[in-house]
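Going in written order, the chains are labelled A, B, C and D, and every chain counts its residues from 1.
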Amino acid sequence: MKLHEYQAKELLARYGLPVPEGQVADSVEAGLAAADRLGYPVAIKAQVHAGGRGRGGGVRLARNRAEAEEALAAILGMTLRTRQTGEQGCRVRRVLVEQGVEIRHEFYLSILPDRASGAMMLIGSTRGGMNIEEVAAENPELITRIRIDPLAGLQPFQVRRLAFALALSDVQERSFFDLLVNLYRAATENDLLLVEINPLAFTAADRFLLLDAKVEVDSSSLFRHRDLAGLRDDADQDPLELEARKYNLNYIRLDGNIGNMVNGAGLAMATMDMIKRAGAAPANFLDVGGGANAVMIEHGFRILLADPRVRAILINIFGGILRCDVLARGVVEAARATEVNIPVVVRMEGTNVEQGRQILAESDLDLVTAVDLGDAARKIAAIAGEL
Amino acid sequence: MKLHEYQAKELLARYGLPVPEGQVADSVEAGLAAADRLGYPVAIKAQVHAGGRGRGGGVRLARNRAEAEEALAAILGMTLRTRQTGEQGCRVRRVLVEQGVEIRHEFYLSILPDRASGAMMLIGSTRGGMNIEEVAAENPELITRIRIDPLAGLQPFQVRRLAFALALSDVQERSFFDLLVNLYRAATENDLLLVEINPLAFTAADRFLLLDAKVEVDSSSLFRHRDLAGLRDDADQDPLELEARKYNLNYIRLDGNIGNMVNGAGLAMATMDMIKRAGAAPANFLDVGGGANAVMIEHGFRILLADPRVRAILINIFGGILRCDVLARGVVEAARATEVNIPVVVRMEGTNVEQGRQILAESDLDLVTAVDLGDAARKIAAIAGEL
Amino acid sequence: MSIFIDRNTRLLVQGITGREGRFHADQCRRYGTRIVAGVTPGKGGSTVDGTPVFNTVADALRETGANTSLVLVPPPFAADAIMEAADAGIGLVVCITEGIPLMDMLKVRSFLRLTGCRLIGPNCPGIITPGVCKVGIMPGPIHTPGPVGVISRSGTLTYEVVHQLSGQGIGQSTCIGIGGDPVVGTSFIDCLRAFAHDPRTRGLVLVGEIGGSAEEEAARWIRDHLDIPVVGFIAGLTAPPGRRMGHAGAIVSGASGTATAKINAMRDCGIHVCEDLGDFGPFCARIFANLLLETGSG
Amino acid sequence: MSIFIDRNTRLLVQGITGREGRFHADQCRRYGTRIVAGVTPGKGGSTVDGTPVFNTVADALRETGANTSLVLVPPPFAADAIMEAADAGIGLVVCITEGIPLMDMLKVRSFLRLTGCRLIGPNCPGIITPGVCKVGIMPGPIHTPGPVGVISRSGTLTYEVVHQLSGQGIGQSTCIGIGGDPVVGTSFIDCLRAFAHDPRTRGLVLVGEIGGSAEEEAARWIRDHLDIPVVGFIAGLTAPPGRRMGHAGAIVSGASGTATAKINAMRDCGIHVCEDLGDFGPFCARIFANLLLETGSG
């Protein structure tokens, strides 16, 4: 779960980390009032869940009131398109107005749990303000990665290593230790999957300042972070994905026209791949969970059918322990309840699979039964060919 | 470094741990005022660095003002003799006056770094209020020991294990987790070599209360605990041991009459043992440090000579890298400066040992040179035989 | 033979009094697994389907000599349950729970290294040695004993693969779901290393998916250390970048973790990659043909 | 042969720019130890007696291939220095520092188990393989090469013992001071295990003192695993209970940790205990007589 920059900075400020003075605003008037209060120059920054917003025109510097007014008018309500948002872009509803500061140097700093090493990773670079992946590609020697054991936590020698790698001056080094200790605490105490400070500025006033902050919270941890759970902003989320989440379904919208519903994420991905191999294109990823039941399947149907592009549906349930007769009845009832009027191919496996197939065959619905995955692929290919 | 009970309770209260209301007093008047304020009954407890003070008469319960006055008068100024203080006992200068509480059950609880396992150890027992070593000897099954990895820290399952072992009730269990978490934090954040709560009372008001608290701080850690360093109370310390500490000498007074000065703790112990084998008795343990020098030796001489029981002195310096000529000159100068007038046997080893022996021999002092440890032992035995 | 579990497995089920815990404990028992104890704090002294329940793993271990634990407790308590088992001296913990916070798993991993306990999972179907012992939630009947080891990051996809193997008469030595989380207790390579020491395992199936680089590392390990036939499958060729596909670990980040890269790495290392899941069984029958002739298990 | 250090030791000295650090680095160098680097944060780029100094152990390791570190830094920074060395990949750390807080050492021990690094000390004189390599502060010239391994909790007492051994013509394979703190990185048993694998070590001297039960455990290990002659010595027969005798670990608590108990345990396990330090050399000459005849090192 991503936080907005202003939320991230509020969180980090609670750990004693230095962030610029600023205020969030959702109108030109409110933005101007904030700018007047802060004093010029100010930075005006679109608050959207997407990187690369600077290049997309989502960040502007205003030296005076007139420029601020112009910037606010331009950014608020704009549809920001970046590499991450894709073509449809996302609408800017809020900006963060921040006091401008004079910068001596910009660093890059991030902390994240690293899947490869199974440890916390502290990453720093002297190339602040740049896309770190580009730096990694062009000047990997300018990036320092320090592995931190999650039980032991951040140690002084690790801070020293980074400080030397960044060639910090004495005055910088003095506050760097506290900065890292606090940032590490913020990352671990809040289950952050990423906290990225880019740039970390060293200002003309000889202090560090977190100019930008990207924070992603581990959704699995929200049971112990009620405060963070309240920061979720779904305004830019796909409405179907939001709807699916209500029912604990894992749905992701794709570009094709073959809806599909599968139990288990791995099998769901493999089923999408099969649809593609069959010459069609999956309209979605939909995992109804390893232990699918009739209610989940009905919810799944509703989500799939709510997408007007969907022209056919493939259901692939590998139950194993689940009884197929119960499942089949669930599919039939769900199909009836949702008034499905497009071709539906059903492949299921598990206890009592024969009875299950019989129930599907005997229903008055136009359900196509597949005996195995190969069969399902051929049947979807045939249907797709006729679309 | 041991803390007094009242100091320990102040420290633990800062971690949110529940301690009885109380006040420390150094006079009958102050004690009575405290008792009046707290309300009767009160407990009046001698504040000395010695266990077993209850059996020695250092703890009394007073149901009213008259009893309190009597108890205060009896305890303040008394010389408390317990198994730990030995015959000379220690004088009571301060008492802790505490509110009396009605107790339902008494538990035992302690946390300490355990040398055998190299981990933190959490120890609990249902037999609170009793000497834990006696419980361990008679009913070892009533003691639960739980090993805590120092990096991982206390885990919920460990608290559960102890809670089940102590057969806590639901209402007890609810506050037990916080109690242990806070106690563990207090132990680790303050480098405590021991925090022992005996008894941990569960009161008629359905809450836990730390009735007594024994705390020992790791002296090696005082560089990072300035606040704790200030709590040191040397009133009961041997004055020579205090004097030695000023010069970073490790001196312990013993019962014999052969003073000795050695570099290195292991060799010092072995030298004491040798004196005993030679038929004499060591007057002290004195380790002047692995890298002894002339100044240390002079300080050592002064400490040894300040003990009127000392009738002869053995100096055993295994220098190795140290130059014996320099050392010998140091010994001669120190002996002269301190006006030693008792026999001194000197054994030293290291670079230039021949020159060193010559310097000793040529001095106008009555120094007996030993060529090796066996020789030293024989010479000490001869001197001791004439005492 | 088999890896990690066998006839000597004495299973403890943590969370046995829950609905899922009780159901799957019973399924394992029916499969032939020796279930010696259950643990649910506060339910000590009771029994579930004849199995004694204890308050703590330490109690259960002392009373029953359990050596393996199946963890079926909700995410907020799962990390603590795993550490409790490891601390008590359990040698193998299989954790099914999905949705454990990543930070918890990092700590668990270091904790386990201190204790020497092996963890399989979390967010996995478990492990099964067909015909002998099942420690997990997979459907038992789809498995058949035989010479092929199966390692997978997935649940139902593994069932599909095993089902097709059995359908072709290709039995399995041990099937392990290592879990779909980004950080798991036992890696592909850990399993490969164990299979390499199991003389009865004479072929392997590796089922991977997008995210991370575990498959690439496994492929290189296979190239350097194994000389038995290996079939690979990777799910997620059509997954869009930057989205987590159900599994917390299934995400393509930038250019890393793509299915294509994994498939190429596998091919480069001599692994037979099947790209058509519908044809998986017949594909394996071709690759493992010699194997089946030798053992006669076909 | 030898244990832990040999001709391949490439030594790094942490704290080399300090007075003690520089002095002892020089002593080790003169003894023949290959000193490849020093580390002092902030002094990177300088040299001390020709040895390059780096800001971090990681830098030193990368530039010089150091495999062993000698830690000579003050107590407040020693634990961090040890962990830095372990984290960078140093395989053996020898820490001389006395007065490290016990809590620091507990954390260091767990940290080292996670990294697989061995620590000798702290609060010890170090380790020496006579004639080959010295990593510590002991006086080199008192040592002579030979067949007897020495393990001790003490500093100068070890020198005394070694001096008497050499005086009798009894050379040493490796002498290790494991340290006088209650919690040390390498135990008696760790050393015994290593000596057991060293064919050149054909006799052992164990120097213990009051406090803890390490000597008793070592004695039992010797009884169960070794069949070479072992001489024991225990200091502190006259130490009063409840007082720390200089070393943080040297304390008799209640009935535990007494010299008598240790001596008895050693005797029970077949160890030749010498009770008269003045006679230690001749005592060893008698016990190791056959050894010396065989090797001709006498």
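Methods note: a contact is a pair of C-beta atoms (placed from the backbone, for glycine too) under 8 Å apart; a residue touches a chain by one contact, two chains touch by 3 or more.
Just so we're clear, the structure is a prediction, and the values are computed from it rather than from any experiment.
Asks: Sort the other chains by how far their Cα centres are from that of chain B and give me the top one.
Replies: The chain lying farthest from chain B is A.
Asks: CA centre of chain B versus CA centre of chain D: separation in Å?
Replies: Once rounded, the distance between the two centres reads 28 Å.
Asks: Just curious, how far off is chain D from chain C if you go by their C-alpha centres, in Å?
Replies: Here chain C and chain D have centroids separated by 45 Å.
Asks: Let me have the rounded angstrom distance from the C-alpha centre of chain B over to the C-alpha centre of chain C, please.
Replies: Chain centres of chain B and chain C, defined by C-alpha means, are spaced 54 Å apart.
Asks: Mind pulling the chain A residues that touch 2 or more other chains?
Replies: Each of 149, 151-152 in chain A touches at least two other chains.
Asks: Two or more other chains touching the same residue: where does that happen in chain D?
Replies: 107, 110-111, 114
Asks: Just say which it is for the chain contacts: an open line, a closed ring, a star, complete, or other.
Replies: Drawn as a graph, the chains make a fully connected set, so complete.
Asks: If you look only at chain B, which of its residues touch chain C in the complex?
Replies: 147, 149, 151-152, 155-158, 160-161, 164
Asks: Give every residue of chain A touching chain B within the complex, in rising order.
Replies: Against chain B, chain A makes touches at 149, 151-152.
Asks: Of all residues in chain C, which touch chain B in the complex?
Replies: These residues of chain C touch chain B: 41, 44, 55-59, 80-81, 83-84, 87, 107, 110-111, 114.
Asks: Flag every residue of chain D that touches chain C in the complex, lowest number first.
Replies: Of all residues in chain D, those touching chain C are 110, 113-114.
Asks: Name, in rising order, each residue of chain A that touches chain C in their complex.
Replies: 84, 113, 115-116, 118-120, 133, 149-152, 188, 191, 193, 218, 220-221, 223-224, 250, 252, 254, 262-277, 282, 285, 287, 290, 318-321, 349-351, 372-377
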